[in-house]
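Should a chain be cited, it is by its letter among A, B, C and D, assigned in written order, with residues numbered from 1 in that chain.
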Amino acid sequence: MREDLLIILPFAGAILAWFWPTERTRPLLLPAVGLAHTALAFWLLAAPPAVAPGAWLGFDALSRALLPAVSLLFLVCAAYSVPYLRMRTERPNRVFVSLLLAILGLMSTAHQARHLGVLWIATEALTFAAVPLIHFNATARAFEATWKYLLIGGTGIALSLLGSFCLGYASLHGGGTGDLTFAALAAQGASLSGPWVTIAWVLLLAGYGTKMGLAPMHTWKPDVYGEASGVVGAILAGGVTTVAFTALLRVRTVVDAAGGSAMAARTLLAIGLFSMFVAALFLLGTRDFKRMLAYSSVEHMGILVIATALGRIGVWAALFHVWNNSVTKGSLFLSAGNIRRAAGARTADEVSGMFAVTPRSAAIFVAGMFAVTACPPFGPFFSELLVVRAAFAGGNWAAAAIFLGCLFLAFLGMTRLVFAVVDGRPRASAKQGPRQFRETAGLIVPPLVLLALSLWLGLATPSVLRDSWTAAANQVFPGP
Amino acid sequence: MNTAVSFLELPARLAAWLLLAPLLPGIINRVKAWVAGRRGPPLLQLYYDLARLWRKSVVMSTLASPGFIVGPAVAWVAVAGAALLMPIGAAGGALSFRGDVLLLIYLLALARFATAWAALETGSAFEGMGAAREVSFGVLAEAALIAAVLSLSVQSGSTTLDAMLAPSAWPGAVLLASGLFAVLLAENCRVPFDDPNTHLELTMIHEAMVLDHSGPPLAVVLHGASVKLLLFAVLLSEAALPIGRLAPGAGAAALAGSVLAVTAGIGLVESFMARFAFRRVPLLLTAAFLLCLFALVLAWKGGAQ
Amino acid sequence: MIGSVNLLIGLAMGLNLMALGSSRLPSVIRAMAVQGVALGLLPLLMSEHFELLVALAAVGTVIIKGFVIPHLLRRAMRAANIDREVEPLVGYVPSLLLGAAGTIAAVAVTYRLPLLPEHAHTLLVPGSLATIFTGFILLICRVKAISQVCGYLILENGIYLFGLLLIRSTPFLVESGILLDLTVGVFVIGIIADRIQRAFDSLDTRKLTVLRE
Amino acid sequence: MTGDLLLLSLICLAAGTAVGPRLAGAWLALTLAGASAALGAAILVLYGGAAWEWRSAVSLGGEALHLRLDAVSAMFMALLGVVGGAGAVFAQGYWTDGEHPDSAPRGRLWWDAMLLSMSVVLLSSNGLHFLIAWELFAISSYFLISLERERREARAAGWLFLAASHAGTLCLFAFFAVLAGRNGTWDLGPMQGRAELAPFFWLALAGFGVKAGLFPMHVWLPSAHASAPSHVSALMSGMAINMGVYGIVRFSGWMPAPALAGWAMVGAGACGAVLGIAFALAQNDLKRLLAYCSVENVGVIFMGLGGAMLGAAHGDAPWGRLLLAGALLHVWNHGLCKSLLFLCAGSVLHATGTREMSRLGGLWRAMPWTAALFAMGSVAISGLPPLNGFVSEWLVYLGLFDAVSGRGVLGWAAMPAAVALAGAGALALASFVKAGAVVFLGAARTEAAAPAHECGALMRAPMLALGGACALLALAPAAAWPALARATGAWHPAWADPATPVPLAVLGFVNTALALCLAAAVGALWARVRVNGLRRAPTWDCGYAAPDARMQYTGGSFGRTASDWFSWILLPERVMRRPRGPFPPNTVLFERVPETVLERLVSPVAAGVMRLASGARRLQHGRVQFYIVYLVGGITVLAILALLG
């Protein structure tokens, strides 16, 4: 029941928001619902419910390991979006608020989906629900970004549908009843038709990989993250990508059960390393600090996928990294949003000396940059170190070497760009911002909280989380 | 190792070194005069000069700091100290301990540092040239010197001057002696590296460094130079000949003889050679370094089988 | 019955080539619409005993694919008052040849695929592969936003066709999923196309290259 | 007792980090307290003997805290205390809130942060915590180097440092990850039996070598040390690079090293010693000269370490121990002298506002203290008796001589090393005669040097303290032996014998006697000059009518002879217009000595990578059709990967 509330609550909130009378108070629904949702999620984390084996929806180990992170990120972003929408009174916020809540509901659904079809429907609804949020700014650039998001994301979604059909057909061909719950598919195991499983895996990897933003399917990401507002960027990068990653994990259990484990690992490792490499190259050159965040997100999706290829320890590290990445990216997106708003520009050619203009946001931005490039003592350092360790333990020397090399290039690119933005002398335009930007507590505390969370996750990972990750890893890799 | 220092011995040695040293330039000049068929200056000329300088008053550049006076004193003490470390035949050194050879070399380096520093006090371009040449050629000379003592230490298996300088005659000795002789000429600014009694500042090394010195400081500089010359002469003789193994009397005689021979050799070189162009000086020093290096390899290989 | 199914699928495959070859947007839209109707009818033919839900879903598909979407697109086209030329990136003849090659390849590939006996003799798999391929060609080779939308919808048709393989096992899921996809997707796409046209007063995607490195 | 002192020091430094930006006075007190507590703890371990070890149930990042201060880390901890404290005092006079309202508070914060992280690095005996502290140390040094954010030069130097040190850190990532994987725990400790770990020592060598500025990984060092505020340069050069040395000492002692590593270290050390000082000789920027001199000394230290590893590998040869002791003592000596010299340079910079030697001169009159201390530092760093630099180089020499006399194959390593050491020593002498003379002697070359003033007491006190420490180590080197004996023992159990193998006491006696004789001689000569009478007159000008300050020998011309021998690697860039004709137009001479490894080796590679990157970025051209092509291509490749193999 509680787990259903996770889904019902946000949708109810969305509907409420749609019919809410006043523009000024509507945003308050976001933190309200977010708070309830987070409380519920953590309660479930502490006291997980039993899951009926055949259920289409259920709060199983995997959703227990990941959903709270998404919920937490949403809560903080919701808190941030209240003062943010105060600043954006020129735009009506009905669609924004209700769709944000709807997205939360859809994310909860997708995380809890134990059925191939339900998972797909939720993901694809998520894709389309995000569209109005992306062109919230209603600029020409925003529409262009939306268009690309739609076309590429839609194609990806279509491919994952095809993949789902193939998997279903694999089960049918193997004499299955066509029950598309993951449990049933995994139970069917070796009798699944091998070729169809392989085709399904490739299509699903490509499809959900498009949602995650793995190279070379990442092309929509910089445009969207660059044009969308900080809140939306944070939720897309920290929440929606997580959904796609969960989907891949669930599918992988089936593929492993069908005996395609080696093939899955091979493809995951390849696409992960490629994503990291591409992201590193782009990070080296980009001058736009919001697009930089997009490429960094591509890099971290690559890290997740690589970790997934490295067996159970790898998956454990990946789950850990999902939490770290969500909170750290969140703080980066929010502080970057502040800086962008204060400077009125987004490229290092137009922005500099932000330490003088927005000292707090700049400090958070720099700290978050160090955090996301795996500098201790923040969370990502620990998870990425675990990934490296897993790679060495598995004897993947080349993979580990490429991994570290890409980390290095990414670090070079990000430090150069970030310090170019925060250091030096502020431009005259930024001195008195185009739209008098003030660093109010409401705009500073949320990113700060996320940063603190990243620190806390690294230095004192709560045992309940560790246990949940262990359980999830065991669910992804059953058996000894 | 006898680290005990008897109270009589030390002053005696010191006196010997300090009093005998100024003879050498005199001898060299006599030899040159004899070759050139002139009468030349008296043998004790340097003693007279030192005495006169010691009584003179001092003219000091307005730019110079007290370092201008300190430098010569430091250099003189360093050279004298090095001399005390130098074993004299079987008698050994005044103070002998493991690794004293390095102290000796670095005391000479200290002297070089002090002289160059004092030279630059005046801000004169001549002293600048002299100091620059001194320290630059010093690099090669020091490398050669280290190679030389390293070969001695390999030969004798010790790093104590007493033991190192009492070797049995060995094939490398000739190489070593020739190398050391070249180093001696360079370190003491003799022809062909430098011409002590030229009067064209642009071509001088040591003399250029002390252009502005006068009175007692100049006396100290000149005396220190002569002590250094004697020191190298002794080092060369003892490195080349097995003096340490002779009976005390014979040893002393042999030592004195060989020092005289070296001095005369210097005089002959100065009479028969012209000063090299500066760009050729490094070549000559490198040659000296290589000679010492060959000696080293010879010693190292020789002991192997 | 297999015969009639194959007939419809064959028709759809023919429409693929028409969509590829036609130089005018309206005919491309028409091709897409007719294809949608044809495929929408298939489930009614394939499920031997009548199921209400399936029937509803089928009808819905026919309505949306056959009438709503074409209407939306025509409206967007009219609003954008763009010339009706498709303006291909790759010419018609090459794309036609490509499509034909794709169709042949699809048939060839199908023989390599392990299929259940009852599907082995239908054109389902080759038809869907050919249609998907066509969709991709349109997506890649056309510059007009609307023709790309058509490409996307044809791609969807192909996938729908493939989904019919599962019509026996999980009929309702397939139907409803695809239905949802189309409704939401097309509405959104329609809206965005509309907005883009207002923002750029054109639906030429070559104008949409501001966002780049 | 040790534990309490360490705790006290950590607490003080943490508190200093917290209050630094606000309260300068409290910060100074806390920093001094912390530094002296660290020093005290180190002395307790070094002379009390017992290593201190502490395991706690408190876990950080899932690992239980495990701290240890043994003789090896205590050697470095002691230096940390001295340099950190001295630099802090100096900063109060040198980088005041009044002159730098923006950066001074940040400087105080990062100073303590850096001291704190360095001491945690020295203490932590757990790989994970070691890495954390190591990276924090790197980041805080970055912020210290680029303290003057508004200066592009400082920013660039800081970024170069950050990039280089991150490359090293990633090597350490791999290194510790492998160790953790092979040992099954992050806990660190002696793992000498595990021969299979040997190849991973290379990772450590790369990772720590970058931080130590081991040639040719020193590319970041000159600009970082030159552009940082001088007290930071002192800390960087006196302590930070020694952290890299610490890493090597630590892990070469704890794990088996490949046979080749010792040779490589001796080779790199020898090259670094000679080439580093050659670069120094060619510099015109006073602080760059000092920075390159650090490269030289690190080279000397690595010669000793590499030799020690060879000695340990060849039957624990006693000369190996001499080399190790010499290297460790040289860490102390170099740290003290070099921070002293950087502080002197700082006071020059503070007084004149320029680091270019060619614009200075004749400063001794205005700043006698600085001049005298710089002269002392120069003698010490050139390894001349009676000062401390000689003592450690003497130990290294003895080790090398014995190694050659051993007549083993190792002679091939020791012989070149000894010659290189001699050459480096002589070149160092040349460099520092040049530096001291051009800056402090003669006449002021430009008006920049004219309004110079002696530094205040707050800046003079730490300089005097460091000078005193140098003198102490020089006159009583035997006092350092117990510490060295314990350190060598902690590094290699076979080398724990407390008896001195070499007459350090005699050397100390000789140094003292020498110092006394020098004083006496100087006094006597001075008295004699007084008696005879002293007259001041212009420098003898060989008939020139008007001697001019610009007629003086410049640093460039002074070092020219020797640096020409190294022009094959220095590759100096000269722009020269000689005077020609009866009425020559104004002549020009511009000289610049680039950082060859950086500009001829690293930059081209970086440029290549950037070309690749900009090529890749052209793929993000915004045409959505092609994006779909990428997508299809991706699927195809994935399919091929899935089906093949």
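Here, a contact is a pair of C-beta atoms (placed from the backbone, for glycine too) under 8 Å apart; a residue touches a chain by one contact, two chains touch by 3 or more.
This structure is a prediction, so every number in the text was calculated from the model and none was measured.
A.B. asks: In the chain contact graph, what is the shortest path length, in steps, from subunit B to subunit D?
C.D. replies: 1
A.B. asks: Can you tell me which chain lies farthest from subunit D, using the average of the Cα atoms as each chain's centre?
C.D. replies: So the chain farthest away from subunit D turns out to be C.
A.B. asks: If you tally the C-beta contacts for A-C and for A-D, which one comes out higher?
C.D. replies: A-D
A.B. asks: For subunit A and subunit B, what's the span in angstrom between their mean Cα positions?
C.D. replies: About 78 Å separates the centre of subunit A from that of subunit B.
A.B. asks: Once you find the CA centre of subunit A and the CA centre of subunit C, what distance in Å lies between them?
C.D. replies: Their C-alpha centroids are separated by 31 Å.
A.B. asks: When the centre of a chain is set as the mean of its C-alpha atoms, what distance in Å lies between subunit A and subunit D?
C.D. replies: About 44 Å separates the centre of subunit A from that of subunit D.
A.B. asks: What's the distance between the Cα centroids of subunit C and subunit D, rounded to whole Å?
C.D. replies: Taking the average C-alpha coordinate of subunit C and of subunit D, the gap between them is 69 Å.
A.B. asks: Quick check: what residues of subunit D touch more than one other chain, meaning two or more?
C.D. replies: 617, 620, 622, 624, 628
A.B. asks: Using the touch rule from the top of the page, what residues of subunit B touch 2 or more other chains?
C.D. replies: In subunit B, no residue touches at least two other chains, as defined above.
A.B. asks: Mind pulling the subunit A residues that touch 2 or more other chains?
C.D. replies: Expected reply: 144, 147-148, 151, 155, 222-223, 282, 285-286.
A.B. asks: Of all possible chain pairs, which ones touch?
C.D. replies: Listed by label, chains in contact pair as A-C, A-D, B-D, C-D.
A.B. asks: Using the touch rule from the top, collect the residues of subunit D that touch subunit C in their complex.
C.D. replies: Residues 617-618, 620-626, 628-629, 632 of subunit D touch subunit C in their complex.
A.B. asks: Enumerate the contact residues on subunit B facing subunit D in the complex.
C.D. replies: 1, 3, 54-67, 69-70, 72-74, 76-78, 81, 95, 97-99, 102-103, 106-107, 109-110, 112-113, 116-117, 120-129, 131-133, 135-136, 138-139, 141-143, 145-147, 150, 153-154, 157-159, 201, 211-212, 215-217, 220, 282, 293, 296, 300, 303-304
A.B. asks: In their shared complex, at which residues does subunit D touch subunit B?
C.D. replies: Touch list, subunit D to subunit B: 361-362, 364-365, 368, 371, 375, 378-379, 382-385, 390, 394, 397-398, 401-402, 404-405, 407, 411, 415, 418-419, 421-423, 425-427, 429-430, 432-434, 436-438, 440-443, 502-503, 506-507, 510, 514, 517-518, 521-522, 524-526, 528-529, 532-542, 549, 551-553, 557-562, 565.
A.B. asks: For subunit A, which residues count as touching subunit D in their complex?
C.D. replies: 144, 147-148, 151-152, 155-156, 159, 198-199, 201-203, 205-206, 209-210, 215-217, 219-220, 222-223, 263, 266-267, 270-271, 278, 281-282, 284-286, 355, 370, 375-377, 381-382, 385, 388-389, 392-393, 400-401, 404, 407-409, 411-412, 415-416, 419, 423-425, 458-461, 466
A.B. asks: Would you tell me which residues of subunit C are touching subunit A in their complex?
C.D. replies: 113-116, 132, 139, 145, 148, 152, 155-156, 159, 162-163, 165-166, 168-170, 173-174, 176-178, 180-181, 184-185, 188-189, 192, 195-196, 199-200, 205, 208, 210-211, 213
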